[in-house]
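Next up is a structure, given as structure tokens.
Lettered A, B and C in written order, each chain numbered from 1.
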Amino acid sequence: MQSPTVDIAAALVRPTVASASRGYWPSVGRRLRRDPVTLICAGILLLIVLSSITAPLLGLADPYKTSMIRRLYPLGSPNHLLGTDELGRDMFARLIYGGRLSLFMGVMPVLCALLIGGALGITAGFVGGKVNMAIMRVMDVFYAFPSVLLAISLSGAMGAGTENTLLSLTLVFIPPICRVSESVTTQVRGFDFVDAARASGASALTIVRVHVLGNVLGPILVYATSLISVAIILAAGLSFLGLGVKPPEPEWGLMLNTLRQAIYVNPVLAALPGVMIFITSICFNLMSDGLRAAMDVKA
Amino acid sequence: MDALLPPEDRGGPAQPLLLATGLRKHFPVPGGLLGRSGKVVRAVDDLSLSVAKGETLGVVGESGCGKSTVARLLIRLITPDSGTIVLDGDPVDEPHGITVNELRRQVQMVFQDSYASLNPRLTIAETLAFAPKAHGLPAAEARVRVRDLLDKVGLDPANYAERYPHELSGGQRQRVNIARALALRPRLIILDEAVSALDKSVEAQVLNMLVDLKTELNLTYIFISHDLNVVQYLSDRVLVMYLGKIVELGSVDAIYGNPQHPYTRALLSARPSMDPRRRTKEAPIQGDPPNPIDPPSGCRFRTRCPFAEDVCARTEPPLADTGAQAVACHMRVAGSGHSKAATP
Amino acid sequence: MSDLLQVRDLHVKFVTPDRTVNAVNGVSFDVSRGETLGILGESGSGKSVTLRSILRLHPEHRTRWSGSIKLEGDEILTMGRGALSDLRGQRVAMIFQEPATAFDPVFTIGQQIAETVRRHTGKSEADSWKRARDLLEMVRIPSPAQRLKAYPHEMSGGMRQRAMIALALSCNPALLLADEPTTALDATVQIQVLLLIRELQREFNVGVIFVTHDIGVAVEVSDRIGVMYAGKIVELAPVEQMVDAPRHPYSRGLLASTVHDGMRGQRLEAIPGAPPDLAEVPTGCSFAPRCKFVQAECVARPPALGDVGGGHLVRCIRTSAAETNVAA
């Protein structure tokens, strides 16, 4: 037996035997890096996100500047790469600026719902019993409504506007995230190592922090990222119906609505915001799939 | 200095280390209206046992007998419906006794090796340091304790501390499980099918290690297994369970040399023969172990017992002392009404 | 030479982008009708892989085979899909460790057995059901007529295992493969199923290959026992000789370290170390790192399977010369 005075650092030297994979998350990262689909989607999304964030610095035209003369110019017009919309505003600029709001409306509700729904679900799953029943049955009530209808009714009740839309979308996503969290937590809770942790006398919070979170965050994250694309589409849909973002803010869904009349004049122009919604949500979806595949392998 | 010293002996060698009385645990069966079907799984019924200091108590039984439930009841991972547990004279979870947390400091459990017995996201060192740190040991001392534990179970700390469970073989993982149980310096370790999932050659290594650790650290074991040979090898006394009840209890020589309960005899002769010239000709009993949801009335073994009579269906046989062991069978109770029982 | 099954120099490799696992490295044996060959080994020995190769159950894109497996003269490793599909279930049947997953949970036992009978033998619906009922009776399932209408989850583990045996024997196969069929069963049920298999084997005169890690189980059912280690057979002998006088250090270590009565109080002779990583092909004997009789030549060259008489084969240089006095 070694005496405690032996150098602790030396004792924790990495093993000389080469082992194929080390930690779980590093191995997930490695698998993701090898997945071409995920890499391409990540690249596209990065492009979209970066361009939205740096929009003011890109030297684009003013997205709010209207012009009665230069309305509905087709693609490839001089000074207007993607033409102009029904009020003469530059489409390219509006699409890029629109990305800011659309992406924000896609990611923020999911993030908030993740925090709230995740916490509720993990609590319900770990504690079980009556607490679980109370939380999950409340969630069931909301879950009974189809998400689109729920979003519309909540927005309709609260009125249009960015903040209200954010709130209603968050509320729509809390129940499904809560449900997934509860289910995964219940599963992990049944594993022997959690029982061993309970048998060591640690507090429930410590056990959740050390043992449960690391094992449940993965699946919950995968589910949440798959919801981002739904959020973007829902937000766009709400704006399309006039329940979301108010004009003249550029937002892809709203742009789809206001460009409806342009379908007969210049259908390609009218479809452009739809194309952006499509690309963004597909990329999020495929990335979420890639994440799930990378996490699925039991190293 | 070490903040977690092993607790002291109280009451001397005559006082049992662990005494469980009248443990009962029924699980409701889900389903039906409002999630209640009205049925219960009678996992453990009115079970009492005692474990002496320094002994190894073996617990054998087939699936559904409740031995795993008993293990979890003894360490209070499950709360019993009724019954008491007394640790070295101190009642657990009662006004003048010790808390469940204090019980867990002195009684630890080793689980069967499985993917889920170790947290796949933590390194071995993190897993082993968890319990001491949760009890207030500072990180530096916890690291020392981890190295110490790995040494004790024969794993080189330099090589294994930073590994993840999936990088270890079954035998190595089980050593880690044992090290985890030792982390709080317990007095009693409950081993629930701890070697069952291991290859035979690895099982031998781990059994040798368990014997050495017991002597070195002055431990007491409760060894739960379905493998009768291993229980015979390791135990001083043996307890045989069937459908939530004890059917026979005694020293290992008495149980294996002169089994008195028909179920014990069946279990012992159900072991495959190691002699090809003397193969088993006939199965000792037919049928499968029944469902603990609806155990038979009276003696629970009567549906598979070749000697069952009316009295067996009417009354439950008490666990009666017959000299070298205690047996719950009407045939051994004088004046019970069974045709094979002695007349009083 | 056997007219039922001949396996010659079988090699099976699993290839993935990360690594190649050499699961089986040159296995040869015969099985005749009416005899049971027990294959004994621990995890990673290649015993299950060998068995599954006989039915080519491994995913084709990841598996590389070489060698020969001949069933009644037909080469299985090069068989087309159609012939292979005819072979499975009809000429060769398999029973598995976990009966719950071998049956489809949405159909009754009767439906599944009758369907198999009908497909392979072309019997009528009514005749197939009658045969299913007869089979359940043959495997000693009580109230067979009622059990035909039972779903797999309504039966206990032991009964499901018997039903699986019934399913396997429904088309009168010539060869029955058993992959640890009793490992998940309780002791009192295990012995019943073992006796059943022995009895049915005699009655149907099938050849049986029984894979297990439990020596006692192997001794109960086998006529001959083959011990596998690191993808090779290291010893093959009639069961009496294997139990009385095992020659290979691994077999001896296995028997010595298996706990059975009479060992109480003695220290167990554990084999030190652990089985090798199958991703590496060793230069010499795979068991050398753990063997207490290791010599220089053991590491230089892999030993061949030598005959020590009486149908007893051993893969160890210490026994291929003189068979006298292999003292411990």
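In this section, a contact is a pair of C-beta atoms (placed from the backbone, for glycine too) under 8 Å apart; a residue touches a chain by one contact, two chains touch by 3 or more.
Treat the numbers as computed from the prediction; the structure is a model and nothing was measured.
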item: Neighbouring chains shared between subunit B and subunit C, ordered by label; value: none
item: Taking each chain's C-alpha mean as its centre, the one farthest from subunit B; value: A
item: Euclidean distance of C-alpha centroids - subunit B vs subunit C, Å; value: 32
item: Between subunit A and subunit B, centroid-to-centroid distance (C-alpha), Å; value: 48
item: Separation of subunit A from subunit C, taking each centre as the mean of its C-alpha atoms, in whole Å; value: 51
item: Residues of subunit A touching at least two other chains; value: none
item: Set of subunit C residues in contact with two or more other chains; value: none
item: Subunit B residues touching subunit C - in the complex, by the definition given at the top; value: 62-63, 169-172, 199-205, 207-208, 211, 226-230, 232-233, 252, 256, 266-267, 270-277, 279-280, 282-289
item: Residue numbers on subunit B that touch subunit A, as the complex places them; value: 72, 75, 77, 101, 104-105, 108-109, 111-112, 114-122, 125-127, 130-131, 134-135, 140, 143-144, 147-148, 151-152, 157-164, 166-167, 177, 180, 183-184
item: Subunit C - residues contacting subunit B, complex; value: 42-43, 156-159, 186-192, 194-195, 213-217, 219-220, 239-240, 243, 253-254, 257-261, 263-264, 267-272, 274
item: Of all residues in subunit A, those that touch subunit B in their complex; value: 1-2, 4, 6, 8, 10-17, 19, 22-24, 190-193, 195-203, 206, 210-211, 214-215, 298-299
